[in-house]
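Next, two complexes with chain A in common: one pairs it with chain B, the other with chain C.
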Partner chain A sequence: MFPVAGPVAGCREIEGSAMHRRKFSPWPYLLIAPALITILAVVFFPVLNAILMSFQSYDLRRPSQIRFTGLANYATAMHDPLFWQALLKTVIWVAVGVGLQFVFGFMLALLLNRKFPGRGIVRSISLIPWVTPGVLIGLMWRWIFDGNYGVLNDLLMRLGLIHDKIPFLAQQSTAFPSVILTIIWQGIPFFALMLLAGLQGIPEELYDAASVDGANAFQRFFLITVPSLKNTIFVTTLLRIIWVANSVDVIFNLTEGGPAYSTQTLSVYVFNKGNTLNLGYASTMAILLALALALVAVPYLKKLFKAQEESR
Partner chain B sequence: MSGRRRSRGRRFPRTVRFLRALPGYILLAVLLVFLLFPFYWTFVTSIKPQKELYGSTVTYWPTEATFDSYRKLFSEYNFIRPMLNSLLVASVTTVISLTVSLLAAYAFSRYRFRGRKFFMTLFLTNNMFPTVLLLIPLFAIMRRAGILYTPSALILSYTTFTIPFSIWLLNGYLDDLPMSLEEAAMVDGANRAQAFLKIILPMLLPCVVATGAYVFMTAWNEYTFAVMFTNEGNRTIPVALKNFIGQLGVEWGMITAGGIITIIPVCIMFFFAQKRLVEGLTAGAVKG
Partner chain C sequence: MKRKLVFILMTVLSMAATVAVSAQQKPVSIVHWYWADNPAYSAQMQKIAADFNATNGKGIMVVAQEYPWDGGAYSETLFRAVMGGGGPDTSSFKLTSTPLFTANRLLANLDDFLAKWKDKDKIEPSLYDTMKKASGTKSVYVMPWNTQVLYVYYRPSLFRKAGVSVPKTYAEFLEACKKLTMDTNGDGKTDVYGFGMRGAKGGQEPWGSFIWARGGNFDNLATPQAIQGMQDFIDLYRNGYAPPTAPMDGFNEIIANFKSGKTAMTVHHIGSSIGMVDTFGDDVDAFPFPGGVGQWTSMGDTENILLASSKNKEAAFEWLAYLATGKGQEAWCVATGNVPVSRDVQQLPFFQNNRFMKVSIEGAPYAGIFPILDTTTEWINTIWPNTVAAALGGKMSAADAMKQLQIGLWGK
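On to the complex of A and B.
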């Protein structure tokens, strides 16, 4: 899905607007009903369905054999070397991908926070990767990485860094680093955008005071900038982890998970299994992925609750 | 380091200040080249003649620029078809998602009711579920409901996925408009609906447009659901682009030309909606 931040803090309460606090009114419930019904039908009902499917042998190629098999799919996953490999790939994909998105995004935010002519335009343009469809990102980079006609090989050869063309996406040793480079490229603008907004909220006086006290640039960065952005960093990183772990389109359009499953993260594995119509096993792995992601989603939602409490 | 030097920098003459900032600008330039080069490369590829595309040397500007790929895209591959499909899906999704979200956002912003916090949180958790977790059961459900391989399947999915964030954005914008505006109108005899339509909606319009741009971009760009829920007749642009990778090879001229056409509308929308989207997006994180 198009990566836009989910809500990052609770709603604001407006003083004196609690017109309907005492008297019961059906209106708010009627107003949220359409949204609620849609979400229950298209999100929560399917999730329940997925849970049910994960306990069944549910293969659309053999529709007559659909039946409950208990934990059989889960047992299969535990003994599936590809599942464990995909899980490991997901961890590396998220850790390295999001980590470097953060580093370069932070760098870009700091640089864009300076005043220079044309800053507005530079800022808008540098965000374009963020609104580019994942398919196109995958395909654009697939062309750049191409082993025969790819521009990356040509650039590296012109710079004298390599002598023979490298089939970046066709060999196992380079395919995974290449897809990670692509996801880093996609995520830099989002971090830059969020952190830049955070930077602009830090009062200038803090820096002036620190300078007077003799703090150098590094001290100012680690004692003022980083602590002030703590919440922004926390929230954006968690959100980004969830999106990157769930991302299918970039990898699928670069390599489809290959060569020899070397770029197959758990999301891509589930997607490929879904394409072969083995829906029971695909659901099982999707649920295991959801459970793993809950490790990230729960602290995020807790933070959200806390922010909501505090705004009261 | 953080650009906060300018307050101290005033003590130095202009050139010294410039030289001190220079490494930063060089780094910025490098990052920008990294971020933008793929787009340049896509465009250059789209205007290269076929034989230069697969020539022995890589050229950084076509010796003979041509729009053949674009012509072929529409004449031979009927690219207008997926474009119209995408336009249909994205527009209908935008209208429905905005209507539904606006109603809910109004309730969250203007009423204090039992379960308000619970429902808000319920909407927020929506975006935490892995895409692939929903994909599989929805495929089965849509199939049983008989709307698989119709635009409705995509419209229903995209509407649902965009509702939570739309509600949250609109709720934030609504909270910024004081209640007294409507109260004044209601004292003058208007009812709630009239006060909303006549007073609030016109003031909210730029924010509604920005939220709409987000919904439209999401629906326009989405691939994972589109590839599962469409067939030949109603596939959207992202699926059509991927289909240029065939058994016999990859049509890079078509992919790049189609890609350029795809991102132009979203870029234009994004530039107009950018300011308000960023405001809505960052309000919570920055404050929090």
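On to the complex of A and C.
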């Protein structure tokens, strides 16, 4: 019997030969090699190194005592009250910080989506907090909050809201709200910008049709605007959660985690430990922070992908 | 043929001579790191390096690079740079960082250089002993440069206004803090605080004087005497004799508060004296931190090191020697007001007639340093400011705070 000849067999033959050529062609690998090697060198290797260090007593103040200690650093973290306090601070820092960034960012995006004279200038100005480096933001707000010469105290006193100056960053009760206020100020333009881009992609006809059907502004917002921006909201929020949780620069330049550890989030604690050269313990807490973020990010992304699949 | 050979030989010889001469004159570059408290000091260090480059006659070119002190983080910046295979040939340095650097074998042993150095005896032998003690070895790894003894700056005009005389005892000092806290315009609010307290990094130095004044010491921070010293420190804040911002006030804040008239006294060293005189003229003076049961003040130090990784150690040592006993010592100490380590420079009229230098010298007999342990850096940078902030904020008792500080420093 001869093999069956025909279109199907011919296609298989063509596909087979194409696959054969793709399989053995080195070009794709050579082309992605530079990017792959770079990623391995600057991302994979440091992460791997951090994981390895987290299992060692890697303290450069005692280099002769560096050795494998298994899960000892993880056990230390579980019994370290500062670790748990920093974790709780991180949750509050992210929830309140990102939450209010989103709310005010959305409000700003809706405002900037309207047509009014000078809109371009207002849009540009509103980006200033986002393009300002975190270190500069920390220093700037440190002076704004200053208990002796700060402009915030001056304003509040002139408005008659306070009678004595408040040492915002020197009191445990006011230091943490102050740093959260700073991060909110910094992050609003990011949400505003991303949501504004999303808003401009919503067809005007949808609003027109809804208005014809008698939908009020509230209904138009929750039944058209929000669902249309669902993917943008998902992605931007996830990005900000990760960035804010990992953020060190603003807090460090405002308070260095003080007073009395009251503004020490987990990333600041990692930074402080790393600064004192206890790299093993710093790596352990960094890994735990990454795992905690993964716990948030993975279900979040799954839900996002599922929603995207359903919308197709 | 013979003429040709001679010609070739002459050519080779002249080329070799040219190479030898150019090699001899080839400048050796030394990178030096330093920090400066203000732009004037920064310019002064650049000038010292330029003068050295112009006068050393050995083709040594020092490139002075400034890095921020950053409340002590300079030491970690330097450490990371050197551990990463970079960093300078020489650097300004604090003695407290010695164990970290020697444990990682980053410092060059200076014994052989010192043995051959003609100016070795211009520096007090006790200073070399201190350098050896810091490294925990019998070798010198750190080159002495200058010291600063902490004392109390005060405003004579405010003292007159409050009817206070210069305190001679610790009890009088505490009383002065109280009396100098004044409402000068009658609006019911404090306008001048008696004591400019430093609660942020670096505040452990003036704080140490309170501990010792009550009879405590750093070997055991949990003794009743040490706890009483801490209680005094807390009371100054809680009673309103120090600015409310004190828990987060660092160097810049205490100096700004003093210069703006917000505080009547503050503790710092002679390095600030030039700025103080610029601001107040004669209306600023100083006295040694008074003693009670005991007496102690912090001896700050700024030294220099030669990194083991330097490829030009001989030339680098020439530069360090210039800073220790040469013109560099005089120029830096005159500009900053720091106490010179060179006995020759100490005898110059500038230092003999300076009122702040006089107070520094008065404090020298009981001036000391914190225990140099591998925990010291973390204790200074993180544990001390946060623990004291908790105590000042009323979240922790003096006894609990001292217990925590004891564990943080000594591990038990």
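One rule holds for everything that comes next: the second predicted complex is superposed on the first by the 273 of 312 C-alpha atoms of A that agree within 3 Å, B and C clash if a C-alpha of one lies under 4 Å from a C-alpha of the other, contacts with A are read in each partner's own complex, and residues count from 1 in each chain.
Operating definition for what follows: a residue touches a chain if its C-beta (ideal position, glycine included) is under 8 Å from a C-beta of that chain, and two chains touch if they have at least 3 such contacts.
Since the structure is predicted, the reported quantities are computational estimates derived from the model, not experimental observations.
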item	value
Chain B versus chain C as contact partner of A:K115, first or second or both or neither	first
First, second, both or neither for A:V103, with chain B first and chain C second	neither
Partner chain in contact with A:L223 - chain B first, chain C second, else both or neither	neither
Contacts of A:M78 with chain B and chain C, given as first, second, both or neither	neither
First, second, both or neither for A:G257, with chain B first and chain C second	second
Contacts of A:A209 with chain B and chain C, given as first, second, both or neither	neither
Which of chain B and chain C A:I125 touches, first, second, both or neither	first
Touching partner for A:A245 - first (chain B), second (chain C), both, neither	first
First (chain B), second (chain C), both or neither touched by A:A95	neither
Residue contacts with chain A in the superposition, chain B compared against chain C	B
Interface residues of chain A shared between complexes with chain B and chain C	148-149, 275
Residue numbers on chain C that touch chain A, as the complex places them	73, 76, 79, 83, 99-100, 103-104, 189, 199-201, 243-249, 253, 256-257, 260, 262, 374-375, 377-378, 381-382, 385-387, 389-390, 392-393, 395-396
Touch list for chain B against partner chain A, complex	1-8, 21, 24-25, 27-28, 31-32, 34-36, 38-39, 41-42, 45, 53-55, 58, 100-101, 103-104, 106-113, 116-117, 119-141, 156-157, 159-161, 163-165, 167-168, 171-172, 175, 178-179, 192, 214, 217-218, 220-224, 228, 237-239, 241-242, 245, 250, 252, 255-256, 259, 262-263, 266-267, 270-271, 274, 277-278, 281-288
Chain A to chain B touching residues, read off their complex	1-2, 4-12, 14, 16-21, 25, 27-29, 31-32, 34-36, 38-39, 41-43, 45-47, 49-50, 53, 104, 107-108, 110-116, 122, 124-129, 131-137, 139-144, 148-149, 151, 154, 185, 188-189, 193-194, 197-199, 201, 204, 207-208, 211, 217-218, 220-221, 225, 231-232, 235-236, 242, 245-246, 248-249, 252-253, 267, 270-271, 274-275, 279, 282-283, 286-287, 289-290, 293-294, 297, 300-301, 303-305, 307-308
Chain A - residues contacting chain C, complex	60-64, 146-149, 164-165, 167, 169-172, 255-261, 272, 275-278
